[in-house]
Amino acid sequence: AASTKTALDEAAAAYMAETGRAAVLSYAGSPALARQIQLGAPADVFISANPGWMDVLQQDRLIVPASRLDLLTNRLVLIAHGAGAAPLDLETADLGALLGESRLAMALVDAVPAGIYGKAALAALGQWPSVASKTAQAANVRAALVLVASGEAPMGVVYATDAAAGSNVTVVAVFPQDSHPPVIYPAAAISSGNAAEAQTFLNYLRSPVARGIFLRHGFGVSDP
Amino acid sequence: MNAEAAWLGPEEWQAVMLSLRVSLWATLAALPLAVFVAYALARWQFPGKQLLNSLVHLPLILPPVVTGYLLLMVFGTKGPVGGALQQIGIVFAFRWTGAALAAGIMAFPLMVRAIRLSVEAVDPKLEQAAATLGASRALCFATVTLPMILPGLIAGTVLGFAKAMGEFGATITFVSSIPGQTQTLPSAIYTFLQVPGGESAALRLTLVSIAIALIALLLSELLARRVADRAGGR
Amino acid sequence: MLTVSLRHALPGFGLDVQFEAPPGVTVLFGRSGTGKTTVIQAVAGLLRPDQGRVALDSELLFDTTQRHWLPPHKRRMGYVFQEGRLFPHLTVRQNLAFGQWFAPRDAKRESLDRVVELLGIGPLLQRRPGLLSGGEKQRVALGRALLSAPRMILADEPLSALDEARKAEILPYFERLRDEIGIPMLYVSHSAAEVARLATTVVVLQDGKVQRQGTAAEVLGDTAVMPAGVRAAGALLEARVASHHNDGLTELDAGGVLLFLPQIAKAVGSVVRVRISAHEVILSRQPPEGLSALNILPGTIEHVRTGGGPGAMVSLQTPAGRVLARVTRRSAQALGLEAGVECFAVVKTVSIAPEDIGGGG
Amino acid sequence: MLTVSLRHALPGFGLDVQFEAPPGVTVLFGRSGTGKTTVIQAVAGLLRPDQGRVALDSELLFDTTQRHWLPPHKRRMGYVFQEGRLFPHLTVRQNLAFGQWFAPRDAKRESLDRVVELLGIGPLLQRRPGLLSGGEKQRVALGRALLSAPRMILADEPLSALDEARKAEILPYFERLRDEIGIPMLYVSHSAAEVARLATTVVVLQDGKVQRQGTAAEVLGDTAVMPAGVRAAGALLEARVASHHNDGLTELDAGGVLLFLPQIAKAVGSVVRVRISAHEVILSRQPPEGLSALNILPGTIEHVRTGGGPGAMVSLQTPAGRVLARVTRRSAQALGLEAGVECFAVVKTVSIAPEDIGGGG
Amino acid sequence: MNAEAAWLGPEEWQAVMLSLRVSLWATLAALPLAVFVAYALARWQFPGKQLLNSLVHLPLILPPVVTGYLLLMVFGTKGPVGGALQQIGIVFAFRWTGAALAAGIMAFPLMVRAIRLSVEAVDPKLEQAAATLGASRALCFATVTLPMILPGLIAGTVLGFAKAMGEFGATITFVSSIPGQTQTLPSAIYTFLQVPGGESAALRLTLVSIAIALIALLLSELLARRVADRAGGR
């Protein structure tokens, strides 16, 4: 997944420094990468932002099931335009009324993980019916963030990692973890790839150094 | 493709109709401006000509996502142009008009290039002849140049229309994807392709999209042939 | 009256002309590449000369010193281009009507039907120019210019692609334009016959300069300048129609001398002009008898000019006007032709070509 | 020899011609729009006729019954187009050289320098065709065709855009092509003088059909078919150069009759042909005396033809061949001209135009 | 933009050079085919002409992502064509050649259209004249048609190059985004836009991309003017 670029680049650099072996990283959307693997991409490891695509590859026996692990986690937050927006209580606030004529920026609610999770969370909180017709669905989380940052949409649902670095936006609420399926970035070795090399890299990503890097970039790391 | 699959759901139909509307408006609205710019680039010398030329080509050069961001900055309700237009009731953000604007801007360089080539192929001697017969510059253009560039105009329009039908990156970035408002065919196709198992739906919509564009293409070829026949065997 | 004064430099060619075109037809005469088309283009406004001034009657078309420039579409010049320039996307009929669309409401107009009939292009009206033959194209181009209600006609070799018979049909039309409608014309031609018949004024161009300007009679009678050489030399006589005879001849009175010509479709009393080519005149010291030639003009030799060639140009003052005769040096000597000698000019009735007889211009 | 047989339907126009073009120059003569260009295009291979067969000597160019079709670039026809068709992206020099690039190595070639000099286009060599005057374009087009080492020349009104002096310079070149190089030509022309001078054979077209075919002498002498009307009628005499005189005259022997003409650049003993226009001949019952005209041919009248007009065409059998004289009906009556009568034809030396004298073809 | 920001990292330089290589190859390799197809569409009548025409336009009509998937399916190592080519050592999948293929295919319709318009503007009468002077069809094309369509050729090439420089959707879908191999400028820009704080890097690359395309554009205009001057004032 492209959204992990900075963190993974740093981890790969550390891996290189430690082992002397280079990891070549190709970033693209999960569906594109998954299809490329289905059609013979010469890759060793797949890291996805969407467990669904990992499941597909697993069904197709394209990954080594034993190597699959949940590498990273993330949190879903509600952001608002402007630097000093006031916090908001998701349980009590009427998002629909707050939006008025304007729109709530999200990733595609039926297609992209952040959108799917966001829709589930809003539904669980009883907010979905009032905002369903007011969503502006962007192609991915970053685009949703831009809509809020530019002020085009007053509020949006994005990942915590994106919100942290975004200028001109404020996190006004964090969605409760139980309001939506966990945000998980699974990783696995690809069966047609170099299994040993893949396992070494995956192991490294779970090392304390790598975990430190991920945490620094705002990701959560699931327990080993 | 079985009968059930071929049938489009209401939201999909919406996307088809919206795409048609967006593309038609984008092409038609861009056409007069494209003709003007193409004519100016082909025939006139003026300061800033190369700048204009570069500006026209920008949407082609830039990754569509970047174009989308730029549109957002300029034509969004908070943008300099978008803000001003909002005062007089013209809003692009999150409206189908915004999708048409994005599609039109992406199609613009293709239209200008095709038309410009045609203008350059018109012998200025014929325009001179029209002038001696009493036609002012504007009338010269309307009665001689315009009919003679029709093939390029048609080619440019169909290129533009096809591009507008396929445009996705700039559109979704600028106006996102709101069903019935800004969810065009390509946005819908993209959505389907994001989820595992969405391929068949995506394929259905892709075929619809191809069919529409090919019909436009065929019509344009027919039209162009009639125009060429009209202009006679030279 | 059109006054023209132009100076323009093209790579490898410089134009520098001044002339005046009084009402009537001014023929630009000159060899290929001497700048005839360039002059016409400047008058039409299709070329912006480096320096110069062109005025039609009291209206200034342009003047570089005053920075005045009337754009071509406001000049209303009926330009017949050397290469046709028909609009390929319009039918012949639409091409013809093109100028009419833009002509001022109150302008004198020719009728489409009349022009179509005259030019013999009726069957072509629905065609596209791409399918016309060379001569057909030129006829349509001519019609298009005539129908645009022009204030002046600029004709760049309008007849050169036409066959003799067609030329003979169209020339009288230009005469009528000149005489009846009185529209001024600037006319490029290579043909001495056309010059003689149409020209009020002749401007001879050479290498971008005016070599000679004068009335048709003056220029045609001047062997030194005629670019087409001695064969184009000839006299122009003015004559009045005296009577029409039953046997198809018309009797003219030229200063008291009677001339017989093939039927001329002009009323008795009207003035015509007759070109008599110098090479078609036979001279005789005695009044000739028993010849088939009907026209005999008595006169006195003004001068005899000889050059390097075998010929001599004899200029004869007759009651009808000056007549030129080109004879061999041998004959001139044998007959003792020299200035002051009285002799007779013999001209065949039929040797005066139809295109050499025109209404007085 | 070129044998042509064509049938082709165009909207509004049908072509149906058969003719043979023996070695020499075959002139296609006819009014505007009668199919001359169409015939030439079929011979060149630019038009695929509905039916027909064209063969050059023993080589079949195409035959619709045999489904044989030689593509234009294999026919090696030097086509001079009516509208020039110069390549706008090449200089004049490159245009001229164009055909040379593709000519077979062993083909007889004209030299570029010679053609350039002849056509007077030396100063234009570096220019682009867009900047040439009308006549200049046509001269370059002519040069381009001549330089492509063609087996045959197809010339579609090659001289009509040229001035008289230029025509007079280029015509002898065509004669030399005909006589010295012996290259066959199909030549479209409106001008009786060109026909007389160049044509071996004349094919008269009317409305897409062959109206008359024959030698130049036959066709020019036939007043019924000459499309240009009676003025084009005239006789063609063959004569041998007898001697050149000091005063610039050349003496010819035409069947025992002596003719004096302005200097002809041919060796003594060589055969030339002289066209004598019917309208330039004066008839006399007595041997005329004291006239400036030097050529007097005695003869017997074969017949006198009169039409509706004022003229009569008198056909005279002389030792030099048949001479035509066009006189008025009035003169014919006055002089008692009728079949069997003896009389004298008077022809001025200088009235025979230079373009009417040609090498025997 | 300060000096530090203007400076490109090694990976960014790699992307710039790769994009140049990919776009140049894509345009140059597509050009002869584009000329051929454009000529055929402009001048010949043959069965399947409309099919060919439609096929050429497809990449314009389809959302680029779809084109990318189709390429992956056909030219991937598991695809029918890709598999066959692999036997003879030609591999597109996940190589820069694949990026060039994608860019070339996306640029193809633009090139064909521009060239076709130019071919249609060449008077066949000039080709006829060349034929009577002994030039065979091929030589006619080389000596008359080709020089006369140069303006369209240049226009088509620069359009194609600009499109190739900007191409993203099909490329990333087909050959992914592997630094030094398939990560072109637009892919790099996209990736930067996906990560927090990547905007300034994206902007830098965007400016580089614009600069390259504009230089190409200016060069093409200069070239076109020279060609037009050569063809003279008509």
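All chains are identified by letter, namely A, B, C, D and E, in their written order; residue positions are counted from 1 within each chain.
Just so we're on the same page, a contact is a pair of C-beta atoms (placed from the backbone, for glycine too) under 8 Å apart; a residue touches a chain by one contact, two chains touch by 3 or more.
Predicted model only: the values in this text are computed from it and were never measured.
**Q** Any chains in contact with both chain C and chain D?
**A** For chain C paired with chain D, there are no chains in contact with each.
**Q** Suppose you hop from chain B to any chain it touches, then on again the same way; how many hops at least until you reach chain D?
**A** 2
**Q** Of all the other chains, whose mean CA position lies farthest from chain D?
**A** The most distant chain relative to chain D turns out to be A.
**Q** What is the chain whose Cα centroid lies farthest from the Cα centroid of chain C?
**A** A
**Q** State, to the nearest whole Å, the distance from the C-alpha centre of chain D to the C-alpha centre of chain E.
**A** It comes to 57 Å between the two C-alpha centres.
**Q** Please work out the Cα centroid separation of chain B and chain E, and write it as a whole number of Å.
**A** Once rounded, the distance between the two centres reads 20 Å.
**Q** For chain C and chain E, let me know how many angstrom lie between their CA-based centres, rounded off.
**A** Chain C and chain E have C-alpha centres separated by 60 Å.
**Q** For chain D, jot down the residues that touch at least 2 other chains.
**A** Counting only residues that touch two or more other chains, chain D contributes 127, 131.
**Q** I need the residues of chain B touching at least two other chains; which ones are they?
**A** If we look for residues of chain B contacting two or more partner chains, we find 65, 69, 125, 169, 190, 193, 234.
**Q** Which chains touch which?
**A** A-B, A-E, B-C, B-E, C-D, D-E
**Q** For a test of understanding, state which residues of chain A touch chain B in their complex under the given definition.
**A** So the residues of chain A touching chain B come out as 29, 31, 34, 52-53, 55-56, 103, 105, 108, 110-112, 135-139, 143-144, 146-147, 150-152.
**Q** State the interface residues of chain D toward chain E in the complex, per the touch definition above.
**A** Per the stated touch rule, the residues are 44-46, 71-73, 75-79, 81, 85, 87-90, 98-99, 101-103, 127-131, 144-145, 148, 154.
**Q** Provide the residue numbers of chain C that touch chain D in the complex, in ascending order.
**A** 10-12, 30-33, 36-37, 82-83, 123, 127, 131-136, 139, 156-157, 160-166, 168, 190-192, 227-229, 231-232, 245, 247-249, 260, 262-263, 279-280, 282-286, 288, 290-294, 308-311, 325-332, 335, 337, 346, 348-351, 353-354
**Q** Please output the residues of chain B touching chain A within their complex, sorted ascending.
**A** 65, 69, 72-73, 76-78, 93-94, 169, 172-173, 175-178, 183, 190-196, 198
**Q** Could you please specify the touching residues of chain B with respect to chain C in the complex?
**A** Residues in contact with chain C: 125-126, 128-137, 139-140, 143-144, 147-148, 230-234.
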